[in-house]
Amino acid sequence: MNFQTVMTLKKQQKKSKKFKLKEIREECGVFGIHNFADASTVVALGLHALQHRGQEGCGIVSFDGKSFHSEKRHGLVGDNFTNKETLKKLPGNFAIGHNRYSTTGETSLRNIQPFFADIYGGGISVAHNGNFTNAIKLREKLVKDGAIFRTTSDTETIVQLIAKSKRKKIVDKIIDTLFQVQGGYALVMMSNKQLIGARDPLGIRPLVLGKIKNSYLLASETCAFDIVGAKFIREVENGEVVIIENDTVKSIKPFTKKKPRPCIFEYIYFSRPDSILKEKCAYDYRKNFGYELAKETDNKGDIVVPVPDSGVPAAIGYSQHKKMNFELGLIRNHYVGRTFIEPKQSIRSFGVKLKLSSNKSSIKNKSIILIDDSLVRGTTCSKIVKMLYDGGAKEVHVRIACPPIKFPDFYGIDMPSKKELLAANKNLDEMCDYIKADSLKFLSLEGLYRAICGENRNKMYPQFTDHYFTGEYPVELVDQMKDENITQLSLLSSKSNN
Amino acid sequence: MNFQTVMTLKKQQKKSKKFKLKEIREECGVFGIHNFADASTVVALGLHALQHRGQEGCGIVSFDGKSFHSEKRHGLVGDNFTNKETLKKLPGNFAIGHNRYSTTGETSLRNIQPFFADIYGGGISVAHNGNFTNAIKLREKLVKDGAIFRTTSDTETIVQLIAKSKRKKIVDKIIDTLFQVQGGYALVMMSNKQLIGARDPLGIRPLVLGKIKNSYLLASETCAFDIVGAKFIREVENGEVVIIENDTVKSIKPFTKKKPRPCIFEYIYFSRPDSILKEKCAYDYRKNFGYELAKETDNKGDIVVPVPDSGVPAAIGYSQHKKMNFELGLIRNHYVGRTFIEPKQSIRSFGVKLKLSSNKSSIKNKSIILIDDSLVRGTTCSKIVKMLYDGGAKEVHVRIACPPIKFPDFYGIDMPSKKELLAANKNLDEMCDYIKADSLKFLSLEGLYRAICGENRNKMYPQFTDHYFTGEYPVELVDQMKDENITQLSLLSSKSNN
Amino acid sequence: MNFQTVMTLKKQQKKSKKFKLKEIREECGVFGIHNFADASTVVALGLHALQHRGQEGCGIVSFDGKSFHSEKRHGLVGDNFTNKETLKKLPGNFAIGHNRYSTTGETSLRNIQPFFADIYGGGISVAHNGNFTNAIKLREKLVKDGAIFRTTSDTETIVQLIAKSKRKKIVDKIIDTLFQVQGGYALVMMSNKQLIGARDPLGIRPLVLGKIKNSYLLASETCAFDIVGAKFIREVENGEVVIIENDTVKSIKPFTKKKPRPCIFEYIYFSRPDSILKEKCAYDYRKNFGYELAKETDNKGDIVVPVPDSGVPAAIGYSQHKKMNFELGLIRNHYVGRTFIEPKQSIRSFGVKLKLSSNKSSIKNKSIILIDDSLVRGTTCSKIVKMLYDGGAKEVHVRIACPPIKFPDFYGIDMPSKKELLAANKNLDEMCDYIKADSLKFLSLEGLYRAICGENRNKMYPQFTDHYFTGEYPVELVDQMKDENITQLSLLSSKSNN
Amino acid sequence: MNFQTVMTLKKQQKKSKKFKLKEIREECGVFGIHNFADASTVVALGLHALQHRGQEGCGIVSFDGKSFHSEKRHGLVGDNFTNKETLKKLPGNFAIGHNRYSTTGETSLRNIQPFFADIYGGGISVAHNGNFTNAIKLREKLVKDGAIFRTTSDTETIVQLIAKSKRKKIVDKIIDTLFQVQGGYALVMMSNKQLIGARDPLGIRPLVLGKIKNSYLLASETCAFDIVGAKFIREVENGEVVIIENDTVKSIKPFTKKKPRPCIFEYIYFSRPDSILKEKCAYDYRKNFGYELAKETDNKGDIVVPVPDSGVPAAIGYSQHKKMNFELGLIRNHYVGRTFIEPKQSIRSFGVKLKLSSNKSSIKNKSIILIDDSLVRGTTCSKIVKMLYDGGAKEVHVRIACPPIKFPDFYGIDMPSKKELLAANKNLDEMCDYIKADSLKFLSLEGLYRAICGENRNKMYPQFTDHYFTGEYPVELVDQMKDENITQLSLLSSKSNN
């Protein structure tokens, strides 16, 4: 690392030129399968089902018994891993894959996972969903000792540590490494023998185990099992390392036992509605959020309108409790390509119009309960409110199916900084003014917990990772504490094909 | 045309390798704007809003006062007309555009519209939504007289006729041509002075007129006006030719006056929910279909589940009338790329799983009212019914928000042949058996008319083009009557870049 | 054609941004084969051997007994028709091909030949080397009658005329057409039965007939036969139409018989050194030019240095006659890609340095006889002279192995206009001053004739087309006489893939 | 490194599917410039002049004072670094570049140089011409210690060693590294301050120093200075490290002083004819080889014909001494793309016909002295001899302008293995039989030395690296001695864009 040029590898503010309907909220999807014919074809399908977890890039590494093969692409799985030529380059019965979201400005192919390294004792490939909170500190030490990093990704730190481990067996090298890193993570790894899964000690990031015929699979969510016709066996537990070899699963729990504390945002937004979290589909939890929200709020409004698609389940729950009509007052344009260019004579609310439009005749002169799953920066919400008024709405009452988001994430979620989080900087009235709605209400933290587990938040040992609302970060933020001004510079500006 | 090689230019059966959630139903989208800065940028936005009308290809022709410029691409507008380099190649304040669907196997760039020809008196560019029922007969005559066709598209017949017209003014050449063609069509054309729109004598295909500042626009649907911030002025009438020049609109009605008879499928499926058809959003008509359907059917079922996204409005209407819970029992995967490859160990219901999955916990042990907008071949429906049972549903009652489709279309809709239309070949019970549902009901033709216009179908002068259900073709099928065995061979196998 | 926008289709001055070592001198290459397995693979090889005749684009059309197939590409044959995928798209035992040079600024794929048209009676494909001097006049008439032109190429005029001919047989349609056009041309055409070759009445452009096993071939030069292992049979004669069908050759001579008058520049520059022209390799004629030049000039100089590669044969002939040492004083860089960008701090003689460099130690303090095949604009020559001085040469005496070029060509050669031809605007001393050489000499016209045919130029019936030197244009210049200011505008700015 | 999968990183036999006119003989080209505007544009030009040293890939790394930028491409400089977009991605006044030849089957972009690493203390970029004979041994040790290699190139070993060096200054880290490696090498390196050149202790691989205005440059050959208008200052000496900073050159000689022993093949083949080696152009040495060869051989033959282009200078020298006519009996086709596909009905001597053809009329009935610069496997030579006979030659006497090549190279030259070297396996008569010539003669080793330096080979301290002829390898072959069966497996099959 080049300290002369003041390079720091801390989180860079994303300068997205693209209007995004959702202002947070991408992370990554991981998938792996062992001992199954056409493994990479199966991985492509699994990644397709996990596409909502990351659309920037995707990669597959396969192993054919002799060699590892790697293909990485910018963009969607369906645009890249659907042609035979590409899949032919990924032979073997053993493969892992990764969907990437763009946390940083560096969108080089090099940064797309899975990563591969040819280490002493054999090849190792790693796909990672999450974030290490001490990755930079570890990286600085490794570079000082002569390690050469190829990427700006924290996943490479894992790979370098595995390579440096003096343990003999690959699983031991991995455990050796896990004791050095901190953060929230779900890892799917492949040696030339084993498929290995690992989840952080609190189980912040998700990982599930499935089975198809005799072969085991690992994935971020159960929806990836459904698409390939596999059976969901169980979650990988917090702090668990699972080793799949010869169609058997071995479990190791190297860490001191802790109570699980999964990320509550998997329930609120990330997981696909049909993915199963603790025995129920995410859809059901989200309807419950709407239901609880309805209970907590008054009886204003003529119709319930969701912000599509993320607000739909809560809006259904809300409308069912209130016995109000649920209406698609907003239509989403599902054809979303690259950023459109605005004409010289600029168009009002250009960005949001590319994604949404209003069903004018159904909202005209109506008092609308507008439901969304969360409120982040507030800019999109304010444009949607405006669109409804422009479409003829009489009143717009915004109802958010989760508590106010006041604290950023450092465990793998791409989210604006504290400065940009509306609820971190304004009180309820100020927020309502900002989005120019007639009223604004949030689901309470207690309501949220009730909706998920039917019990109150355990203040001593909270059942979920919920610092977004509470500021209680369950894992130490090592890199973040060293320096407030956290930016990431890449010394080598990298191009797509280098 | 090469009669030795027995070439005929009649409709070729489409051999789509791709599983399609919707079995009919694509046509085309057209858009044009005159005298507005960055015209091609505006056209790109308009085409994006009309993307649902055709995803195979898109093209824009602009005119900068001196030269015409043309860019055509395979695929979506958002993937092609969003980069500055491409739009720079389309300078000028005057542009028209086209979204193409794939009626035939020939997917060459040559067949993507708008077409341009450099004719005596100036350039002319044509974008067409619809189909001419006597195009082949006209083409045969033109070829015999020495015309060289470049494409297999019926739109080129229009262009050749315009070029051959002995009239002097371009508008007269066009009217001369319109008297020779038969069918359903909406044309947007551009000379080096005028933007010209034309709609067939019955107004089968749609065309609307809008205004932004002082400039006029033409589009297939009003949703294309919303995205660019333009105002919807009025529909172009059946049999009307509108000529836009110097920011004024001139109207000519060259044909004998007839009552309008627009395509009823614009109400049922084609138009985007937020597009306005006779003063109401398509969404409202579709909710009405569900409402009428509910009235016509009994009170079975625990929950109402739509086939997403096309069945959603009718399902909402149905649930509101029956006061039953509306539930997203099926989740649609919106990331749809090219066809995925199935692994060797094949996956049950592979195709439908790529697009849909079930919300297992919400459908378990439920008796489901499944709502879709229409039933075409029945194969997709049968897979969806199966998916619901596999997900734990107790009963599945299929309710279709339009009457049985028994007759194919020849006015511009891409639809299976009569042999493949389920309702053309089976009675209600046989259909229900085929899709393996517990029960099956369709909306009646009278119910459909009531839902749209509040009155009965006028048997003498039906208010809509509705041969799908009735077999009453309002325009003579010239080419189709000559030969039953209608296939299309392209003599020159054309490649994408020739 | 759009007369309002003052479009004329006359020759456009080429605005080549690229430094060219040779300032004239590209035309086209044509090739065809009938009834031979893998015909398009053979055509690719033939075009590769003819690559020197045109590097801008190349195309092949094949016929497989049922359909025609066409592939066109920008750039070299070896970069485009060497992969199996491309050749697979060109099935059949019958194929023709074309190498294109860029006469005009319009470099669209559309303008790359062979052209194909689906006309009444069957498909026809045409590849053309040459230029029609009345193409624009014919085009204007055709457009007025309703013909739609797709390209700006004069070859399309031929195709349109063939399509319009009222004759029944394809050969008769072609002959009908040949009577209407004027100019220098060699045509290779393919119907769905026959391979047809045609050469203009004076035989200005070259065309040769070959045979491999039982199959006949046509090509611009014999070198294309050598590469595929075919035998050279004979030249197609001036004014002859050859029809190849069922492995037999039929000859028709529709025109009044004339003495042949081939282009003398095929001897001087165009033909590859190993191609046979009237029984001898072009190399031998060029050595003779050097020999005659040596006889006509005095005994100055220490060494003979050619401008590589075109000046080499003449330099060898010169050195052998004078018994002087032949030396490679200039080295040519054969890796020539696209135009290099000059750095901000500009480099002296940048363009020529990309192509040539001097062998400093071999030219130091030498009096050099510099031999080139011709002198056109003089700019390149002046830079080469300077390079030799900079490299240490004591004297540079320029000797040109053909007479002064004073008149442009209109029969298919890409050449500067009269304004740019050095010899058209300066006398010998002025030219020598311009190139800054110690002396300058040209081969005399009589010397040139002696070197080729051992006899004097027949003033009544010159043996060769030699207007470059004499101004005697053997075919009427119809289009050129109408308008001095001959420019070509393309109304539709065309892109590579439209 | 994965010893389980028996990976060894030793030289892989190249399985070139492409017919090559020259059977050995590619290495690499390096270029660097410091403190000059548009540095990468200048590097592109320098690499273009060095294109003959490697055509497989090319890369440039620039430094703009803050960041390093890297672009790598397959193919030629002129096809890749001539567009503004690419050069814009390489800003800065400081840049180095590399032309790569393909020694191994692995042609991934990852293996294209220059390499870059972000090491402790700053970035470092390395371009290398040559080969380290102990690279594999060093690599094995580094991997065991946890280093992760990204490429299969020995240049990465250098980079890893520099990263691991505990010295503080970058120059010291480099010297630390040079003491560990063995072989023949010329390195051009760039830190964020300095341009550094290094040549192996014997100076086997070439490196020259130039100057333009106040800025210094490094290059493999002087021809790269000519193209950019720079002045040739001097050679970098054997064992010298030059450090360019602030427009001054500092020289360090860390090794025990040795007599220089440059590779004799730079004189015979590699260097461009106009490049200066010890004060004379390579062209002059090669003419001398022909001259000495003429002295050593008898007076047979009518004409002297070179194998183009490499045999031309020696043929000129030969013809001048013998006073025989020099003739271009063979014509080279300079348009060389990818491998052409042979038609089903195969063509005799297909490969050589793509590159060469004979000037039949000039060789007919002649007794030919055929001159080439060297004889490697003999297969090409035998095809050329056959081509001359087929073209009508009476006799063909092959004369080779260097001694018989009996030993392969391990210092950076891509050359067949000993098994394939004709002279390693046959005596003179057997070789003559193999190539089917009338006679065969080689230049003697003494003749070769005389031609270059006018003195005999110093047996104790040979003036040149000449193991090709003598088997005397001047640098220990560490990796090669461990294992006869030297093959290279890449564990990760790498694709172009990973």
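All chains are identified by letter, namely A, B, C and D, in their written order; residue positions are counted from 1 within each chain.
Please note the rule applied: contacts are C-beta pairs under 8 Å (C-beta built on N, C-alpha and C of every residue); 3 or more make two chains touch, one makes a residue touch a chain.
Every value quoted in this text rests on a predicted model; they were computed, and no experiment measured them.
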Target chain D, source chain A, minimum contact steps: 1
With centres defined as the mean C-alpha position, give me the chain B-chain D separation in Å. 62
Averaged over CA atoms, how far is the centre of chain A from the centre of chain B? Could you give it in whole Å? 37
Counting in whole Å, what is the centre-to-centre distance of chain B and chain C, each centre being its mean C-alpha position? 50
Touching pairs of chains, which are they? A-B, A-D, B-C, C-D
Under the stated contact criterion, what part of chain C meets chain B in this complex? 1-5, 7, 66-73, 89, 109, 116-123, 143-144, 146-150, 159-160, 163-165, 192, 489-498
Residue set of chain D touching chain C in the complex reads 36-38, 41-42, 44-45, 48-49, 51-52, 55, 76-80, 82-84, 87, 213, 223, 226-229, 272-274, 276, 279-281, 283-284, 287, 309, 312-313, 316, 320, 325-328, 331, 333-345, 347-348, 353-354, 357-362
